Amino acid sequence: MPGFGSPRIHEHKEETMRSTDLLSALHNLPTRSMLAAAVIAAAMLLGAAATNAQGLPPLAKELNPAQTALILVDFQYPFTSPDGANHRNVKKEMDEKHLLEATLDLVRKARSLGVLVVHITEGYSNDYRELDPTNPGGFHRGQILRQAWKIGTKEQSYYEPLLPAQGDKDLFPPPRIQTTAFGGTGLNEILRSRGIKNVAVGGFTTDVCVYATVANAYDLGYHVYALRDAMAGYFTEQAEQMLKNTYPMWSKVIGNEEWLAMLGPARTTQR
Amino acid sequence: MPGFGSPRIHEHKEETMRSTDLLSALHNLPTRSMLAAAVIAAAMLLGAAATNAQGLPPLAKELNPAQTALILVDFQYPFTSPDGANHRNVKKEMDEKHLLEATLDLVRKARSLGVLVVHITEGYSNDYRELDPTNPGGFHRGQILRQAWKIGTKEQSYYEPLLPAQGDKDLFPPPRIQTTAFGGTGLNEILRSRGIKNVAVGGFTTDVCVYATVANAYDLGYHVYALRDAMAGYFTEQAEQMLKNTYPMWSKVIGNEEWLAMLGPARTTQR
Amino acid sequence: MPGFGSPRIHEHKEETMRSTDLLSALHNLPTRSMLAAAVIAAAMLLGAAATNAQGLPPLAKELNPAQTALILVDFQYPFTSPDGANHRNVKKEMDEKHLLEATLDLVRKARSLGVLVVHITEGYSNDYRELDPTNPGGFHRGQILRQAWKIGTKEQSYYEPLLPAQGDKDLFPPPRIQTTAFGGTGLNEILRSRGIKNVAVGGFTTDVCVYATVANAYDLGYHVYALRDAMAGYFTEQAEQMLKNTYPMWSKVIGNEEWLAMLGPARTTQR
Amino acid sequence: MPGFGSPRIHEHKEETMRSTDLLSALHNLPTRSMLAAAVIAAAMLLGAAATNAQGLPPLAKELNPAQTALILVDFQYPFTSPDGANHRNVKKEMDEKHLLEATLDLVRKARSLGVLVVHITEGYSNDYRELDPTNPGGFHRGQILRQAWKIGTKEQSYYEPLLPAQGDKDLFPPPRIQTTAFGGTGLNEILRSRGIKNVAVGGFTTDVCVYATVANAYDLGYHVYALRDAMAGYFTEQAEQMLKNTYPMWSKVIGNEEWLAMLGPARTTQR
């Protein structure tokens, strides 16, 4: 890297001035309609060094538990209970995957490795005053029509075996109204202040809130691990398509055991 | 609504105190493990009035152009040009829908109605320094490997006929690196300050960035109109599933003409 | 506004091409160091019409209650009670302004006008697991050291006379850990979905959390009204400086009565 | 940490059930007005372990350059040039601190240590279409009235000696319209994906945009270092008050040399 004051710099400064002149010329074109193209906005300085495509750094094979969080989305009565209103759609996949048992095992191991476990839930006030009943999107409107997911009701209750025991250091933010786990929960800021780099995501459902969380986490800059053993789809066919096509854009789709193995065999960590 | 000082209020205050006592009792349980359940977090006050499910307000049949934006996502060379790297996947649907011509017509009409047109693009610096090449999600990694979408290159250029003409009041934020149109662009804040309530979204692709934008817009509180004539899917089958199953959760899926009709026959508006 | 296909447009398109050529030339300069200047990033298309500085639209003289929220920040025991740990610093100003009585009156009138009243509080879990005790900023570290503001304790309790009565439609989001009322509360998204354009802010303190909320609200695109009768400063001299110098950058600093008057004499509104 | 199924757990579960019963009882109170108090929302599970106030972890004495960014705010013509419109207010302090020279030295050293240097600027389109001229806050309204800070003009230009040279890896996001450096720039997400934990902030002005950036960075979870040698106040008295009173809430206020010393004598780092 050349220091300030090197000949190269002077050469650079000259060019900077030249480009400034050009842009200034552009700016002063009589009609000012120039720059009308998208072109203009170069978000970052154009770097000099050519990136060697073959030279991409390798992906992580190990994860530091102290920098890793496990986010569980909507393990609540409507999905987890046979009597739940949404259970019918997820039952077959849950049974095949032994999803609840597998998730309990996953969470137990994650806790013991020092991974931060985060429970994200959905819930609304009794009169849904925080929602907009005139929104043409059907998600919240449906909840209102069904008078569903009210905070404090059995229907909104958490799957009890997953509840943190005394001494567990899990996070349990208030119920959210947005689809992504990060929406309105302050989770992103808490995870940063905890030094979390990697997030693994499971829960309900593969094609709705889990997908929103995974895509959002990627946009936020996390390394995301989509735990396919710990999630079930609402629209099965769509969920399968997503896991095959677009989940890999935002995450590594991975089995519970393979993910746990990345955290190290018997590592325990102090943050 | 009872005023302060009404008998009802006093009754209420008593109960408030009672609930405070209960919670304070909860808090002082010897082991403090109480409240360990998810239960606790009641995000909002529980309202008294029962919401009448049948009484949901009707959805809008008309839109005020002054409160409406049309967001075009990634009308750029890789998709729009026959020589573009991503064109093959969208070509069939684009041809069937006459997508480019239909979008030009849509934009022309939207502008003339006073709808705010927003052009959102993707783009990266020459050495991708704003990206994380070690992220296991493949989206950005793929761009780096293909050395694609560099700001200022032909490949990153905008579909020229859509470029705003002199006098058009379109917004053209800098290229973004996130999937949703709102990510890192400041668009949400600008739209609020413009009083935008409704957003219509089209572009590339139905199953990737357009979907991210639509779902995100719903989370942000907008009324969203997903313009099915103005979008094309990358993974066709998945895109169809999404339009059928999950798009309606976040938006009204609508044709261009039907959406334009909501804006009024010949209304012109001043904000 | 010229339509597409007008001569003016063709002229424009030509210029677009010219600017594209220039930028493409810039891009291909041998050393690629061009554009190294800040210059580059033109966030928006440069418009053609000169803004007439004298022609700025007038500021609102009236506010629509249905588009207005009153945000109360941290009316909690440490500030409001004579026994509170932070009371000493705000006592004099509270006494002079009869702040609590004035705020009760303000809230009562705001509710009756149909203004959305929002109560924002601060609060932490019993072991502060959501905070980072290693952060060099002293705000949270101080709370941990004093074992202060724990959710459910008397110290964290709300000023009771401000509590919504049955039937009041106030919002009462969960306690927050960030300084701005919008941080991690989902408040911004709820306000948008309610169509809120104007926010008035009062509470504790003028120089800390109220200031953070006011500045943040401006960045988010709201019209902000800083209610000087309803706030008290922690560091009195600094608070005075801020009210004089920088509050007017983000808000209209206004008295309670003057603000209420903007909402109309006896208007009641249905959203 | 007790495992699942331990006696302690069973004890815990019982209590969980008890608290559930209580809350359910609360919920079913005839008038449902209970919980009307603020009380309710317990954001996180209340932990069992008492935090030892004396046991707070020590603050960092060293910073890893690979996890550190230096954010420079608004080193632009209006402040840095003797002819700039805002220069008068900052001149005295700049002279006393030899601010420009000191910052150049700081940046040079930061780059050589491997610290990520980020240049944040302010700028608007030619017709300010991204702003709301009806906002009662005076900040943007003032820019429009003065027709100031237009992208591409001399007035908006960057202080040239700070411009990155070829090979420098600085970030230079597009000009922003919000006060905080994180507003609408995507900076937060980029910094996360780069693994940045610490940010040092300098620039213009101590009491306006630098303060907004510092407070916002704290809310976002960063460890913040406020570089008092590298900033100047607009309202001198207020800036002094802020540095003394409230900056320490969000940051460690520190001199350039002391901060550089924390980064290690001659460490060079690879991320």
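The chains carry the letters A, B, C and D, assigned in the order they are written, with residues numbered from 1 in each.
We adopt the following convention: a contact is a pair of C-beta atoms (placed from the backbone, for glycine too) under 8 Å apart; a residue touches a chain by one contact, two chains touch by 3 or more.
Because the structure is predicted, anything quoted here is derived from the model rather than measured.
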{"item": "Set of chains adjacent to subunit B and to subunit D", "value": "A, C"}
{"item": "Partner chains that subunit A and subunit D have in common", "value": "B, C"}
{"item": "Homomeric contact subunit A-subunit C: same or different residue positions, threshold half", "value": "same"}
{"item": "C-D against B-C, pair bridged by the larger set of C-beta contacts", "value": "C-D"}
{"item": "Whole-Å separation of chain centres (CA-atom averages), subunit C against subunit D", "value": "17"}
{"item": "Cα-centroid distance, subunit A relative to subunit C, in whole angstrom", "value": "27"}
{"item": "Rounded Å distance, subunit B centre to subunit C centre (Cα mean)", "value": "23"}
{"item": "Where subunit D touches two or more other chains at once, by residue number", "value": "11-12, 16, 20, 23, 26-27, 31-33, 35-37, 39-49, 126, 129-130, 132, 135, 152, 157, 160, 163-166, 169, 171-174, 177-178, 183, 189-190, 193, 219, 221"}
{"item": "Arrangement of touching chains [line / ring / star / complete / other]", "value": "complete"}
{"item": "Residues of subunit C defined as touching subunit B within the complex", "value": "1-4, 6, 8-9, 11-13, 16, 20, 23-24, 26-27, 32, 35, 41, 43-45, 47-49, 104, 108, 111-112, 126, 152-154, 157, 160, 163-174, 189-193, 195, 197, 219-222"}
{"item": "Contacting residues of subunit D [partner subunit C, same complex]", "value": "31-33, 36-51, 53, 56-60, 76, 119, 121, 123-130, 132-139, 141-142, 144-147, 151-152, 157-158, 160, 163-166, 172-175, 177-180, 183, 207-208, 212, 215-216, 218-219, 221, 223-225, 234-235, 237-238, 241-242, 245-246, 248-252"}
{"item": "Touch list for subunit D against partner subunit B, complex", "value": "11-12, 15-16, 18-20, 22-23, 25-27, 29, 31-37, 39-43, 45-48, 129-132, 135, 169, 171, 174, 176-178, 183-187, 189-190, 193-194"}
